[in-house]
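First the structure, in the form of structure tokens, and then the observations on it.
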Amino acid sequence: MTVTYTLDVSKSQFSSFSKLLLRWRGSLWKTVYKELICWLCLYATLTCIYRFLLNAHQRKTFEDIAGLCFKYTDFIPLTFILGFFVSLVVNRWWDMFNNIGWIDNTALYVAAYIQGSNDDVRMIRRNIIRYLVVVQTMVFRDISPPIRLRYPTMNSLQEAGLLNEAEMIAFDGVESHHAKYWLPIHWAMVLIYQAREREYMISDGMVMDLYNRLREYRTGLATLCCYDWVPVPLAYTQVVFLTVRCYFLIALMGRQYVSTKRDIQVHSAVDLYFPLITVIQFLFYMGWMKVAEALLNPFGADADDFEVNYILDRNLQVGINIVDDAAGSLPKQEKDSFWF
Amino acid sequence: MTVTYTLDVSKSQFSSFSKLLLRWRGSLWKTVYKELICWLCLYATLTCIYRFLLNAHQRKTFEDIAGLCFKYTDFIPLTFILGFFVSLVVNRWWDMFNNIGWIDNTALYVAAYIQGSNDDVRMIRRNIIRYLVVVQTMVFRDISPPIRLRYPTMNSLQEAGLLNEAEMIAFDGVESHHAKYWLPIHWAMVLIYQAREREYMISDGMVMDLYNRLREYRTGLATLCCYDWVPVPLAYTQVVFLTVRCYFLIALMGRQYVSTKRDIQVHSAVDLYFPLITVIQFLFYMGWMKVAEALLNPFGADADDFEVNYILDRNLQVGINIVDDAAGSLPKQEKDSFWF
Amino acid sequence: MTVTYTLDVSKSQFSSFSKLLLRWRGSLWKTVYKELICWLCLYATLTCIYRFLLNAHQRKTFEDIAGLCFKYTDFIPLTFILGFFVSLVVNRWWDMFNNIGWIDNTALYVAAYIQGSNDDVRMIRRNIIRYLVVVQTMVFRDISPPIRLRYPTMNSLQEAGLLNEAEMIAFDGVESHHAKYWLPIHWAMVLIYQAREREYMISDGMVMDLYNRLREYRTGLATLCCYDWVPVPLAYTQVVFLTVRCYFLIALMGRQYVSTKRDIQVHSAVDLYFPLITVIQFLFYMGWMKVAEALLNPFGADADDFEVNYILDRNLQVGINIVDDAAGSLPKQEKDSFWF
Amino acid sequence: MTVTYTLDVSKSQFSSFSKLLLRWRGSLWKTVYKELICWLCLYATLTCIYRFLLNAHQRKTFEDIAGLCFKYTDFIPLTFILGFFVSLVVNRWWDMFNNIGWIDNTALYVAAYIQGSNDDVRMIRRNIIRYLVVVQTMVFRDISPPIRLRYPTMNSLQEAGLLNEAEMIAFDGVESHHAKYWLPIHWAMVLIYQAREREYMISDGMVMDLYNRLREYRTGLATLCCYDWVPVPLAYTQVVFLTVRCYFLIALMGRQYVSTKRDIQVHSAVDLYFPLITVIQFLFYMGWMKVAEALLNPFGADADDFEVNYILDRNLQVGINIVDDAAGSLPKQEKDSFWF
Amino acid sequence: MTVTYTLDVSKSQFSSFSKLLLRWRGSLWKTVYKELICWLCLYATLTCIYRFLLNAHQRKTFEDIAGLCFKYTDFIPLTFILGFFVSLVVNRWWDMFNNIGWIDNTALYVAAYIQGSNDDVRMIRRNIIRYLVVVQTMVFRDISPPIRLRYPTMNSLQEAGLLNEAEMIAFDGVESHHAKYWLPIHWAMVLIYQAREREYMISDGMVMDLYNRLREYRTGLATLCCYDWVPVPLAYTQVVFLTVRCYFLIALMGRQYVSTKRDIQVHSAVDLYFPLITVIQFLFYMGWMKVAEALLNPFGADADDFEVNYILDRNLQVGINIVDDAAGSLPKQEKDSFWF
């Protein structure tokens, strides 16, 4: 589900900042707490081993390794690679969102161009909308696990009332090895053409204009499929995810407090017991990486993922609302209150 | 309110720089002064504790902790994360501004295409504009606290004269669980269709062209809703805001002047009393972050936020101006002064 | 005035580099020389004070402060903040330039669609162009000081022959609290409609196509107003400009040569008298910042600002050229020389 | 072949991370393992030479060189140049993908606009699709080695049934020194014009609309050719690829463990035998660079390259499906299940 | 000439990397070898002076200066400024390339819309193409030295057969202080209008559609002029180019091997004679900067510049090919081989 917090930040104040921090759903805390606890446990284990189990010679080796690890964390430039990677992922994520397919424009045009109130024309208008929702459902089934769960087979669309039997048969009748996203779009186009032939539309130009709305809608959904088919190159994702984890594995040793008198870099004059700074770093880097991880596939079930189920339901309801309930209605026109 | 300072920088001079710095509204100073004062108080308290209250042993511990903090501020790469985050936020902010919905294009087209000067056609033209302002008000009510304050309920739109009673009833008559932004747009489209049927427009193409203007306007507003609904992922925002604050919490200790003879990193040969450099850093990083904080929701009440009230009023007035007062008027055509 | 140096770099050679460096107008040198001289004077004063006026104890304090300043310049990450800020400013600057409003496309369409050679049709064509230039002048008056200087009042447009008396009266006759940029556009649209009614145009589609050209032109100018109205958030600009100046204020002390035997970081074995490296840094950072400063408002009077006066004059002359002098003319058609 | 891993990351969990890491095809591991093994062999050789073959004096020199190399790897800022370069390459790669040319939109329009079911009209529809696939094949032949392999000559297109003999002759009949990508597009346009003349299409506007679809398709393919013709400037690519390799060549020496008592920077207190951190760096930098290398020409045969063969086949099959099998068919229209 | 190396990188392999490195035309090597040799000579001279000419005291000063220079090269952040600058320049370069003006789309539309095969209509079609190439040649003359060389005056266009005498006279007959790029476009538009009047075109919509193609073509060329007129601000370019050169001037001293026993930073335990790392840096930074230098004006004569002569010739030949040789031709239509 999408996490909306815009109201919290409508004023840039200290209180708005605290409200922001105290949220749980979709928050940094929820995102990293499990891995942070694991890390702290491992860290504590190493600390205990060092303090209670090792003899002097072993401690010396431990300290040397810690020194080495401390020095080498500098060699891993997390910030830049995360910066560039998150930029890329955020751009893709937002572009996906922009192509998610809202039905409003098409429905408004259908309601405006296809005139009439008999059952035949109402059926045409409603079915166009329904076909558009069907194609969106089909696409979402293939890219979003929650929708796949909701509609495990094409028949579940029929059960849900999105397709009737004749349409199901016609759908299965087209032989193709490839996804048949185009078929409901084609039906909608044929319906529009029929509406013109039956004189529900007054000009050929309007047919073409409606086709353009359908095309925009379809192209958006096709873009979603492309984003799903061709993700960020795997090796790039692996490089980033691996590097962040390696950094903190090395930091397990490198950030240990060592109580030596020898002059090694890791030596610190004060024993904090708790690696406060490293925990802040952990929150920071892990949180940043988790953002990227969640946005990589925004059609999943993470807290920040798009509410695809909601979108499907809304599209159907609002679409039907527009083309059927409201189509052609207009309140009585009166002079407005600023008339003079 | 928007802070415009473009005239100050029309010439790149030293004086223009000073004028820029001395502004208060929307400035860096106004934005950070409260938190800077808090920080300085805390810093002074710590300084006093160190200098007047602690005994030698405690001072040594204080110095060690300060040394640790000094060293560890290096581990927090504020610059990059702020750079990438501000880039993202500024892009979103500007894109929102571009979709804010100016009525001029639509109004000019309405005035040009819908010809006539009787009351019926005037009413059509004026009501189209009014409906467009209504949908904008509805959207702004949901994303902007100041507008929500101005129009707490849909009925306040009626009271303000934006909707009449018949329209209010028709509006409430449409049952839907979802926002009914589309309804006034639909009415405007029906009105345009009527204008064509009543021969106020001379061609079907013009109907379609007007619909396209309406669509652009509506799509812009829909984009605003999307930006409001799907903000920058919460965890990302938290990471950035938290990191900047942690940095300065740690700097409270790390930038203390310690008058020790021991060779620790934080030791400085000269006692400045006032942490000048850290204050500059504070202005710099906090100011930068505050920019991001203010731009996250530009429909709020910060100094840099869009003047949404002004935009609504202007759209109504200018729209009515164009489609009613000026529509069809043209000064007597004469040969221009360059004619030869 | 725009500084064009493209020909100098048509070939990537050493000589082209020197030619580039030796330019003065719009150059780095011209942009920073005043502030560099100031800085060098202050630096020299400090140097003299240190070398000739201070006693041993004071010199020690001076050296300590210098050491502190030297160390702390590292804390100010100029490069990144300048990099991100300049990126933002350059993008805005170029987008402004793209929306500056060239009349060619519209004029070519006017000449092509509105056919005829009698005075009436010529007047229509010429006046459309004139109205477009008028609206551009009105916009430029509000965003560009040089144009404001040239046309201090709306009446100066009449004096310059851009508006005649009837138009001036009509213009003043429309009551509005807001800028009336839309009025000349509206007149042009009415004129086009008239041209269609008087059969100078052969199809309604052409009217709509011309309206689209006008819309693009108007939208570009509206975008300029938006850029002027909503600049880069003030706090961001202040952060950047202040930080760069603070850096060099601190460097005044931090880069002093100190002839101490004590082991402090700022100590350098050789006395250069002239802070060569810091001057290079000054050129570099100040120059970079000055670029941003000049581009913030490209409608001012800096060397790199757009030549708005030229654009206005050119638009009028070329527009009239196209729609009046050349309209409808065509050299005798012959077979070309590659005919076979 | 494209490597799709989107489902693995539908939920941001620890298990999804491990699944991601354990993939082989298109993975970081597959991409760098060869060069990593080479590097490790060289490293081991140097280690052995140092430990077993050199005398004391030679070891001292070895250690000095290692110290120098260690120090100098800092001078090579791999991260930034890789960051900027990969950004550029990824943008180009994604833009190429967006222009790859899906036939769906055009086919849907052909099916909707060109009405009829006799053999003549079916042939027109099918041949338009075929010509579009032909031009795509011709373009891919020139930019993609796998397609060049599949269709070594233009005659192989005839053999594959994409062109018949008459078309082949017509194709060879046009004399031109330049690629004749435009010819099949021209044929398709003539076919559409014929369809209008034979009254299979009901309006001229539809002809124009179809031409626009063809133009978008053609422009996409032309963009692919441009990307192939004008790659990232060679010197830029060389700079990046060379720098990464030099870095690791220098690291061969600089990261050797040296067991000296002398105080040189490279000295490390603990002998790890295996250069763990450097191997992590190797994975990181090499993997990042390999991503860029693979994306530079995404029409090659790398794991992450576009599946061009699949796209060609799919376009033909789906195109024919749409314009022939499904064209004009529509399941019996019934009231939907939400009707009330 | 453009340097295409896409085939070399169709597979990401070690061999492809070596092939890439061994290229000469447009390569890193060719681009920097002259300046590298200069630099090495200066470096060697300094080395010789230090080793053979200086006495002990002078050597000490030399070493101190070297130490200072070594330390100060750190203060010049080449990487970031180059990264941001190259990003900007590459974006501008690619946008220029996208607006370079291919004639194919327009020619295909001309061939499709203007029907007929008598000499009159052929002349119209051919002359439209010719006029488009003329305007491109005129623009290229003003922005590209090689084309200026090929066509030193407007009369050279007549000599080359691009304009005939009547057109030349008409061209010179239009008085204007500004570039007359619009004139041939205007002629083409008038020709299209004539074609409609003479019934070679069947609908007004097609006239408008053709005008839109012409407008896109013209707007692209106008964009090129704008890029030429308003380059990257001079001061920005100077900052970057100067900084890189300063860096290596300072490195001349800072990277000298000094054989001192004193503990100064520049001291290195091993005498390499050849400054290997600095040469790698030189290749890296200079190469990167040279890329920017070459892309600043891609219409020059560098190896990576666009092949403008080729584009002009190609546009004329392919344009004539399309509108004359192939126009209206269509191979005999047959059922395709997948028919069933």
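Letters are used for the chains, namely A, B, C, D and E, taken in the order the chains are written, and counting of residues starts over at 1 for each.
The definition used in the following text is that a contact is a pair of C-beta atoms (placed from the backbone, for glycine too) under 8 Å apart; a residue touches a chain by one contact, two chains touch by 3 or more.
Computed from a predicted model, the values in this text were never measured in an experiment.
Novice: Please tell me the distance, in whole Å, between the geometric centres of chain C and chain D computed from their C-alpha atoms.
Specialist: Centre separation, chain C to chain D: 39 Å.
Novice: Between chain A and chain B, what's the gap in Å when you average each chain's C-alpha atoms?
Specialist: 24
Novice: So which bits of chain E are touching at least two other chains?
Specialist: 31, 80, 83, 87, 205, 290, 294
Novice: Line, ring, star, complete or other: which one describes how these chains touch?
Specialist: Shape of the chain contacts: a ring, since each chain touches exactly two and the loop closes.
Novice: Following the ring of touching chains from chain C through chain E, in what sequence do all chains appear?
Specialist: Starting from chain C with chain E next, the chains run C, E, D, A, B.
Novice: In the complex of these two chains, what residues of chain C are touching chain E?
Specialist: Within the complex, chain C touches chain E at residues 2-7, 9-12, 14, 16-17, 20-21, 23, 26-28, 31, 79-80, 83, 86-87, 90, 97-98, 102, 104-105, 107-109, 111-112, 115, 202-203, 205-206, 209, 268-270, 272, 277, 280-281, 283-284, 287-288, 290-291, 294-295, 304, 306, 314, 317-318, 321-322, 325-339.
Novice: Tell me, which parts of chain A touch chain D in their complex?
Specialist: Result: residues 31, 34-35, 61, 64-65, 67-68, 72, 75-77, 80-81, 83-84, 87-88, 119, 123-124, 126-127, 130, 143-145, 161, 164, 166-167, 169-170, 174-178, 181-183, 185-187, 189-194, 204-205, 208, 211, 215, 218-219, 222, 226, 228-231, 233-239, 241-243, 245-246, 250, 264, 290, 293-294, 296-297, 299-302, 316, 320 of chain A touch chain D.
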